[in-house]
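Think of it as A, B, C and D in the order they're written, each chain with its own count starting at 1.
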């Protein structure tokens, strides 16, 4: 901003040109301090999240699903919370799953780490931990994402051929021998295809999986795009960003149309879908939601300050 | 054989082929020397200005052809085609350039094409092999590396075109902080608002694909662009027709519905839903289950049981 | 083609692992391929363009066939094709997985070029002791260290007996090294760099979100509305307020209810944002289709003309 | 000091190193930037072999013999041909033979472009359907009651559908390149299109902000809670 050297900057100019470093500093503080306080904020889940929860709860117990996990630690803040919620839901319903990844080489490892952590959490609240190979089978990373997903749709067994999985405390075994694949002939034998992603693999999956219902868990930035797929009913449900995670955590605590505290929804009118109150449902969503509020408020204030400065200088120049 | 297309339905295949035909017809027309009109695109006029200013300041022009995963694709090619034009202008001004590539195959293509540009301009000796660089094929390492380059080399003009994801704002804000003129475009629509906030000129949506036609006036590109316009008009017509037809059709009730390739009686008549309409069925096939008796493969061609294998 | 877990039938195109036949065939194929490449070096200039065109067209043709050629219906793993059309369509559907992997393998072989470029710049800088050469040495050093620990760890994991490495108690130096470099540094630097975007979003919004023109004002107001709707507490309080003032009359109730933040932002999303994106997307899709078509048929002069 | 804490310490230092660029470009940042680039390309080399070439090329070419209850598979020797094809790319630096490098690129682009037709069809089909919503109500009443039957369209919905339709169409006309935008209707339509686009972009910006801040919050959680509070001070 060009300034007249002889004059001190006016208030309008100051408001319009706060130094970047100051703004950054305020943001750092804003995102840190609230983390030390655990506050449960009131929440009203959106339809996409309610559908995600409702459709998952309607899957048959002991069913079978595919999880395509395409996130890594760079989007840990959102994706890990999503993965945790999904795993909790599936474990509590005893649904077996095939774990695969087309997004990133490191994704299978990160997913396995998360499974280990959720196992420990579930153990604390009396759940049964999942065993690799028995309850879920890890197919690892597929470099040719598009071809692989096409093959999942057309001949799912072919992608598992030659893949090894590691049962606990034993050497590698052929993935196809896992109990998860027992009786599987085609992708139609799976009740749902879940994709947890923070990258463009959503298009890859959406364009190619036609024989199995889809649900996505995406990062906040992908919500608008995927919302249009949800609206066009290409997705059964959608969990987007930390808000989606917080929604699901709320739903797991309270259920849908299930008494006084629960979430009322017209989508499931006349149906009662329970939750698991008090059973370790809080996770990343609850932890980050307060700080998020302060950060968003800061953004709004920054925009207002800039505009006020502009208005003042316009007035001054008249 | 008649039901071989039942999985996809004939209409979308026909529509795709129609689009292809529109494009090819117009390429043919343009080749015939017809002078075809295309309108101006605001962001593209800025290219010459940006390179000119970089020359005045004696600082480099930095280009990034997007962060396409693993291999080069049509989006990267389009970006490199635009950069070929930028490099041509820069070469004429004798201005240094820097092309930052995200994967090795993009690097190969860019190296080849940009050097070609210098050769065509008769300035082959001025081309520095290191001006086209591979930075990293890891998204945020790439962002850190390019940010470092922008800050240290004090780029005077930056061009970000192609596939950009979350790193878009890192690159654009860094370039903004050194006062570079920025022309940008992302094929990922979700990143466009960030480029709008931080860059001077932004190509939105398929202005990106139109850019090379506008810059080079190659008949093939101009023709293709007009073919694309025909396609868009066809889409407009399809959507309008579908809307009108659905509006009329959804005013009634039905007593039969179409399921798995045949009409099924409903227990009682109900309001027509959108999925019952003629256009919905046209666009999405609902095939019947067909059983086909085939002979079994001879034993010699059958996969043998596992375990031993032919040793 | 291997579509089952089982051993494939023996054909001309395969041979058992470790057999002399396999190595001989690999060797002969390699010699022939290299000979063909060398032969191409002497191709007359007029022919070169056509070789490239043919290769591009042929590769694309496979997927066009995959799309257009009638796909087999109700096919079982043991089914024999009924006629020539089915023979071909079975072949296309079986080969798709193989073809899908080719792109990655070929581009994988190109990575050396990228590394060459990197080393050229940085080793050159070290040799000439140019500005920042010490940092170039850091780069080359970290690369070497990563390759060493990365491969070392991977090789250890290849041994089936080393499944004990899943437990951190059994780790050696190599395993710790890889874990520190990859999980400790690389992954966290990814996350660190990504989170920097938050700072830039704030400064970009502060600088650029000024109500200067109609367009800018529209952008600004929509963004603010959506951000407000994401603040769960604001949303919760506001909708509580709306519920309180909603009249009982059905029409008026519905009218007032639609001023809830989530209702407004949801409405904007599904009725303006989604269709707007769809509108751009229709154009972009056609643009990409046209670009694909031009590339497939090699219609375009890459790099343009003077 | 145990290993996990050391790992966290290293990670926190690197994160702070990268953050330091926010103040200004400095040597600390430059150091971590180069470490980052070095590690990333080192890892690219490792992952290329372990994740792409080993399983996608080497194992397929050589096959496997049965062991430990694992099945054997045949080796497909033709895979070896891919090696010279890939290596053709390296001729890009040759003055005389650089055209050969276009062969592997041609294959890659061929495979890519061949897929576009099928992909276009499967992707856009449902989006066309979703754009064809009825624009006249088939029920009396403006607002949709809670017990409305599927397929019924009330006044408010019809109005909304009209707005969506106008948005799609005006935005599309904004991207018509071969027409002169002097006609009044076309000009009005394309200006409306641009305004509606801005609403769309504003909404995208708004929804993106949430994720970006979450990632920063997650980093702060890592530094302050996981490292300092739980790691250094062993507090729950």
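The rule is simple: a contact is a pair of C-beta atoms (placed from the backbone, for glycine too) under 8 Å apart; a residue touches a chain by one contact, two chains touch by 3 or more.
Keep in mind that this is a model prediction, so the values were computed, not measured.
By the document's definition of touch, common neighbours of chain C and chain D comprise A, B. Two chain pairs, B-D and A-B, are weighed by contacting C-beta pairs, with B-D ahead.
Distances from each chain's CA mean to the overall CA mean are smallest for chain D. Centre to centre, using the average C-alpha position, chain B and chain C are separated by 14 Å. Each chain gets a centre from the mean of its Cα atoms; for chain A and chain B, those two points are 27 Å apart. As a whole-number value, the distance joining the C-alpha centres of chain A and chain D reads 15 Å.
Multi-chain contact residues of chain C (touching two or more other chains) are listed as 2-8, 10, 16, 68, 99, 101, 103-104, 107, 110-115, 118, 132, 160, 182-183, 186, 188-199, 201, 203, 205, 207, 209, 219-220, 224, 227, 230, 269-270, 273-274, 277-278, 280-283, 288-289, 291-293, 295. Touching two or more other chains at once are residues 18, 21-22, 30, 32-33, 36-37, 39-41, 43-44, 47, 52, 56, 64-65, 68, 71-74, 89, 92, 102, 104, 108-109, 112-113, 115-117, 120-123, 126-127, 129-131, 165, 168-169, 172, 175, 197, 201-205, 207-210, 212-213, 215-216, 218-219 of chain D.
Multi-chain contact residues of chain A, defined as those touching 2 or more other chains: 20, 24, 27, 31, 74-77, 143-144, 146, 171-172, 174, 221, 224-225, 228, 231, 243, 292, 295-296, 299. Within the complex, the chain A residues that touch chain B are 20, 74, 143, 199-200, 221-222, 224-225. The touching residues of chain C, counted against chain B in their complex, run 2-10, 16, 68, 70-71, 73-82, 85, 103-104, 107, 110-115, 117-118, 120-121, 124, 132, 186, 189-190, 192-194, 196-197, 200-201, 203-205, 207-209, 219, 277, 280-284, 286-295, 299-306. On the side of chain D, the complex with chain A involves touching residues 22-23, 47, 51-52, 55-56, 59, 64, 68-71, 73, 115, 119, 122-123, 126-127, 129-130, 146, 203-204, 207-221, 224-225.
Considering their complex, residues 18, 20, 23-24, 27, 31, 41-44, 46, 72-77, 106, 143-144, 146-148, 150-151, 154-155, 157-159, 161, 166, 169-172, 174, 176, 224-225, 227-228, 231, 243, 246, 289, 292-293, 295-300, 302-303, 305-307, 310 of chain A touch chain C. By the touch rule above, chain D contacts chain B in their complex via residues 18, 21, 25, 29-30, 32-33, 36-37, 39-41, 43-44, 65-66, 71-74, 89, 92-93, 98, 101-102, 104-105, 108-109, 112-113, 116-117, 120-122, 125-126, 128-129, 131-136, 138, 149-153, 165, 168-169, 172-173, 175-181, 197, 201-202, 204-205, 208, 212.
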